[in-house]
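Both of the next two complexes hold subunit A, though its partner changes from subunit B to subunit C.
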Partner chain A sequence: MAIRSRRPRAKAALLPVLLTGALALAACSNGGSSAPASQGGGTAAKTLVIDTSFNLKTADPGRTYEPTGLIVGKAAYDTLLTFDGSDVTKPVPSLADSYELSADGKTLTLKLHQGATFADGSPVTADDVVFSLDRVRDMKGTPSFLLDGVKVEKTDETTITLTSKTANPALPYILPNPALGIINSKLAKEHGATADPGDKAEQYLNSASVGSGPYTIESVNISSQVVLKANTKYWGPKKPVYDKVVLRNVESATQKLNVARGDSQVALDLSGDQVKGLPGNLQVNKTPSANVVFLLANRNSAVSETTSNPKFAEAVRKGIDYTGLLELAGEGSVQAPGVIPSMILGALPADQGAKRDVEGAKAALKESGVTDPKVKLEYPSELTLNGLSLQGIAERIQANLKEVGITVELAPSPVTTALDNYRNGKEELGLWWWGPDYPDPSDYLVFLPGKTVGLRAGWKAGADKEIEAAGDKAAAAIGDDARKQAYVDVQTKLNASSPFIPLIQPSQNIVTAASVTGLEFHPVWTVDVADLGTK
Partner chain B sequence: MSPTSVPSKNSEAAPKRESAGAAPRRGGGPSPLVRFLVRRVLTALLLAVGITLVTFVLTNLVPGDPVAANLGQRALGDPAIVAQWKAEHGLDKPLPQQYLLHLQGVLQGDLGTSQQSHRPVLDDLAEAVPATLELAGTAILISLVAGVAFGVIAALRRDRLSDHVLRVLSLVGISVPTFWLALTTFYIFFYRLQITPGSGRIDPGMSAPPHVTGLYTVDSALAGQWDVFASAVGHLATPALVLALYTIGLLTRFTRSAVLEVMGQDYVRAARAKGLPGRVILFRYVLRSALVPIITVAGLAFGSLLSGTVLVEAIFAWPGVGQYAFKSATTLDLPAVMGVGLVIGAVYLVINLIVDVLYGVIDPRVRLT
Partner chain C sequence: MKLPQAWRQPLAIVGGVVAVAWLVIAVAAPLLAPHDPLAQDLPRLAPPGPGHWFGTDQLGRDILSRVMYGARLSIPLTLLLVALSVLVGGLLGACAGYFGKWADETIMRFADLVFAFPTVILAMVVAAALGASLANAVLAVLVVAWPAYARVTRGLVLGVREREFVISGRLLGFSAWRSLRVDVLPNITGPILVLATLDIGTALLLLSGLSFLGLGAKPPSPEWGAMVASGVEVFDSWWVATFPGLAILTVVLAFNFLGDTLRDALDPRTARAIKERAL
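Right after this comes the complex of A and B.
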């Protein structure tokens, strides 16, 4: 026996009514499309929306070292020198009109531009420059190593001198890093800024900016979004085009839908697969990224008797199908002939990249004396690099080496666990990448014996005196030609006998709406918001 | 026999009635409800301390080095930077001392400083929790209204077409993975049909309403910013509905079964035999009794909604606790992970307390002693 409702049909229809109602409610906010030049109560006149997967910890330039932070820093803070577009082979003036490196490479003299102003209208002075750089170096934040051992002095009101203990020809290439953005020292000091580890200005700098860049910071939420607004008093020649720029933390699958629908105008993190089949009215920029994916075979015999054998590393180098890896990585990716990426001075020519030679690999393996080798390959499982998963690359390497006679056991783990083993030099085989701290070949000397990455492969100082001597020579070389030759020599030697096997530079795929102009991928700050315009 | 000299069934029952929640107390002592609440709050506090210990131990058991996870590759090579970072975050002290300092901080309302944002975890959570509360609160509201209504309809129309349709729909709601539903909903309604707004809590060109509660729908209404209100409601509707579908399915099934069980009871038959109208029987006799299991499920569902929004928040770029927890976990931001654990644990405790109290309110047979 049932209790009958008076209007059963009406109630049964409740579900579709509810669903429709909710969707209608959603639709009532005009579908959410934000045209670049939208008008309305709470909306800005001209807004640019950039979607990216956030890697952001702070907006304080002295502590910034993550990709999203560098985008924000580049927009809000000018540096002494910068780069023109994506060309990182030649630093160009910004707050400094000119620079000169002494013959011994130890002293860099910069002439400041007169008339540059902060967003509050006050002039950028030599004292601001000295305080800003001292603060970065002495706060002991993540980017402080950039100026390690560099003394910053004001020679006069328009001249700054940077002095290093040893030759430092990389300094002009380091200064454009947004972490070295110049801050309004008076304003920053009022909010707790000091040039020592006791600095207390970070919270303030996460809610406001004290720079002279084309945009200022309106709000920062490191988990969701950063809002920049145009610096109406910008002193430079390129005035900001957009009134407001919103950087949103959006995962890549949603980025694709947002930019295709017009909800955002720029998507920074799409993989090669994701940019296929996008509407024709979108612009797709595919450029080799500056990240070099490499394989390391640990030289520490306590970690592995197998991989510490140099002939085993040679077998691995010859056994990998680099063309297959490029197919996997997608259009725009290139093979990495050496550890220095293609856009940086000293990169090896593309034709010097390793090529697959299965018979040669088998011969090297035989020469090594290792029989039926079984090795463990460790890599971070959940991370994607420029939209590319390392899992696919690891599987391909496993299949390639099986043909040579090497059994590879895949050992993916969460990045925090994998990093621990990698940084402590405990991995037998490791699959990682290196992105430039600054676009100068000296940043890649870390791959030498006894240096940061060298030690992670169990390659201790003194392990290869010839390469180390070549590294010392490269570090001291002055002048583009001499430096280029020296770094080519270092990489040729690394390819011959190091534990590192450079694999690929995956493509950085950036998608923009048809209305957006001026986009160029930059290996340090990904994209310069100030370069973006509208048709 | 005098009723005062020989105990009767009625005289035995009297003290029990007095001990029930709503009955007045002789002698002016605290009522059973107050005693019950005090006891539950004290238990909850003890549990909260237990939660701090469990979250601390589990967080610190995770393999991986927070220093390596938080510092850049080059900074990690500088012992001075590493030492300063450890000192800043209290990682240079032994674990027991770290826990005591953590507990001391929690008691003073200080959950520590996030290693990622370098802000107090409490400040980070103050931004993230309202976003998730708005999303999960709306989802549970939709779930309660729709789930109970559908469950009642299904029970009243047992084995008819509408019952079968609702059974299939509720099973779909329970079975379909939420992340898949979120992705397909976003794809169909946002991208293909272009009728719903995109990511985030409001349109990107808009500024957030002045902060009062942190709930954009409420704050924008309070500020009279109706364009922002419409945007906030629009952005909220789809993810809330996606999140609600699982609990709608769950509540529909539980409500149907509870209502059917009560409808088979003698007192419902008696009420029907007396000729009481169907609506009166449904609301006064059936639903009231059936509400106990429904509230149990709703309480658990709300807790799981709060802690289970990670994927929905990621797909809809909703800046809530789920996104914060995910980012904190993947970067080994230990204070933030412990803060999230503590907040979610506290929410569960509060919900359990509310559910227990509601039992007593709904069903007088449930003793609060």
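Right after this comes the complex of A and C.
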């Protein structure tokens, strides 16, 4: 394809066609050849093939934080607490039978379940729990922050206390994270596990699992596939249904082909447009994901004289056609009324979402005193979120705001470049999303002035005393009702005057074969393999 | 008026007709296009049909109109790009060939350096370093395109430089510049013109390739490469990527046909074959 070639002629013109063909072939063979386990989805009936686009770095629970890693971790490692189905508003027992938060919110006491065993038959002890949690916290891996400043102690053989320096009512919601899975400390130590950054067990944990979960890890290849095997001695009430579960790394267009022809039984990441026109014998599960896509208008006047004007943010908020964005994102997506997604405690009711009001937007723009505004909208160009590309959303916003009289220049860039500008608070307008680290509203206090995301929008501490006071109150609130009220209050205030404009929660579309039962999308671990059954 | 024999070839006529058609579309797009290429007011991902003959894209924009407006971006930029490559490459190559010695060494070694990199990768690096925009993409392609002209021009100038008429010009006291312009240039334009025409296709491919990778046209401008890229996301809706792809295909083919014809016409060795094939 060199421009210097002497006779490019028809050959050159054919190149794109050939390339497309070759790519399509490569994509197909990726789906087809790595399918040793699938037999048309029926005969063996005990093997389940799940297709997903891998985001997987390790299968070591203490280091994992990627969506695919959490699926694997959830299947192989039990945690102290868990969630029932997709309800994340209430933690339920798993390895711990009960939990109790002290009145000051600083101490969490857990009673361990008696009779729980690891896959090798040995019992789960309080020492295993202490070692597992200490290891995650002190190894300084990606999920270490979940337990930052939390002291783990064994009071007696069946009691564990977790002590935090400040009130930490979110802790019961953090414990179900598969990164905090309990490992068999004896076995892990034999293979180099230590509770400090010198830990050497990762390689071993990528080839075997030392958990008490319903499945065990047979093999892990972080770029192509993960094979899980049933833990026949599983201690819990939900016995594994499939003998073998294979997770394959397949790009979404191929996932659709595979699941349609019975080559796989579950396809995890289809876009709203891709789930249209599937054969009728497949089940389509469309659930709003926990990712909230939002727009930020930088408050730092050094970054932009225009967007730092609060009235300008109001004009943008009123100028966006939210229904139009939902149409792009496809069925199952919902508008985000506040920064906290619908399934988490303290989410705003759907009817409090912003509505389009072109006249109001024009009025706000006039009031702002900015004439003929031109702003740059930055976003990561190549990323898709639940199959939805941010590109389309950005182009739609540009068209919406043009009607209001705001000229938006789109500035897509590769995610690494875009992230830099975002994290350093240099974007005039930015289009991003926030996925919860754990399903608790306290994870959303980062949007307040002076906090992580607030600073990214140039919102410095002290910029809005009233919101900051409401945030402090929410952080310290104890008890579901009080917390809910406090977080609703924070979000109402954020919607009135913050630099953030929550847009939508795109739908997570999961397609399964008719034979698969029990699938529910989960905002933390996407899907719990142990929940899947067969007809 | 009768066309010269060399142009009465089937491929030449097809190429000429298609190229002229695209030029007309590029010039008259605002009159021909049925919709505003940026208006998002049609149903999303509608298949080709009445009202939108090429279908609509993810945002409900008319693809026919976008393809037509795309010609206004791609074709002029490609022509400009090739013209610039000829100018820069030709000038440097002529200097290298005419003056020889250190000028030759410096320029040609630099050209070799550029040749040593894979074209597309080097263009990507340059475009990425400069930031994504069509102007920068043109600059990036220019960086990788000029050495071909420099090398060809140098070779041609070397061949002409020692001919009697050039030497006699020098003896009459022509300056180097005048000698190049008056004696050398007219004798080397033919081959360079052929190379340039053949290159239009490759230049367009490279330019849309950069846009495809997100290093060229900025959204929402209807650039063909960027349109193909957005079509890849919705593989099931084949029309989104197919029509801009066909636009690229036809333009590249047309200019390649024209380039071939031009070469045949200018090359005395192929003259007889042409006579036999002429319509």
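Here is the rule we use: the second predicted complex is superposed on the first by the 490 of 535 C-alpha atoms of A that agree within 3 Å, B and C clash if a C-alpha of one lies under 4 Å from a C-alpha of the other, contacts with A are read in each partner's own complex, and residues count from 1 in each chain.
Here is the rule we go by: a residue touches a chain if its C-beta (ideal position, glycine included) is under 8 Å from a C-beta of that chain, and two chains touch if they have at least 3 such contacts.
Predicted model only: the values in this text are computed from it and were never measured.
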### Task
Figure out whether A:410 sits in contact with subunit B (first) or subunit C (second), or with both, or with neither.
second
### Task
In the overlay, answer first, second, both or neither for which of subunit B and subunit C A:249 touches.
first
### Task
In the overlay, answer first, second, both or neither for which of subunit B and subunit C A:274 touches.
second
### Query
More residues of subunit A in touch with subunit C or with subunit B?
B
### Query
A:260 contacts which: subunit B (first), subunit C (second), both, neither?
first
### Message
According to the stated criteria, A:381 is in contact with first (subunit B), second (subunit C), both, or neither; which is it?
### Response
second
### Query
With the two structures laid over each other on chain A, which partner does A:206 touch: subunit B (first), subunit C (second), both, or neither?
first
### Query
Touching A:394 in the superposition: subunit B (first), subunit C (second), both, neither?
second
### Task
Tell me which partner A:320 touches in the superposition: subunit B (first), subunit C (second), both or neither.
neither
### Task
Check the residue A:519 against both partner chains and state whether it touches subunit B (first), subunit C (second), both, or neither.
neither
### Query
Residue overlap on subunit A between the subunit B contact set and the subunit C contact set?
1-6, 8, 12, 15, 253, 382, 414
### Of all residues in subunit B, those that touch subunit A in their complex
62-66, 68-69, 71-78, 80-81, 84, 116-119, 124, 127-128, 142, 146, 149-150, 153, 156-158, 162, 165-166, 169, 183, 186-187, 189-191, 194-200, 202-208, 225-228, 230-235, 237-238, 240-241, 263, 272, 278-279, 281-282, 286, 314-317, 319, 323-324, 327, 330-332
### Message
Under the definition above, what is the set of subunit C residues touching subunit A in their complex?
### Response
38-40, 44-45, 58-59, 85, 115, 119-120, 132, 141, 144-145, 147-148, 151, 195, 198-199, 201-203, 205-206, 209, 214, 218-220, 228, 230, 233-237, 245, 248-249, 252-253, 256, 259-260
### Query
Which positions of subunit A touch subunit B when the two form their complex?
1-6, 8, 11-12, 14-15, 18-19, 22-23, 25-34, 38, 40-44, 47, 49, 51, 54, 57-58, 63, 65, 140-145, 148, 197, 202-203, 206, 219, 221-225, 227, 244, 246, 248-251, 253-254, 257-258, 260-261, 263-264, 382, 414-417, 419-420, 423, 434, 437, 446, 452-453
### Query
Hey, which residues of subunit A end up touching subunit C in the complex?
1-10, 12-13, 15-17, 253, 256, 271, 273-274, 276-277, 324, 327-328, 381-382, 384, 389, 391-392, 394-396, 398-399, 409-414
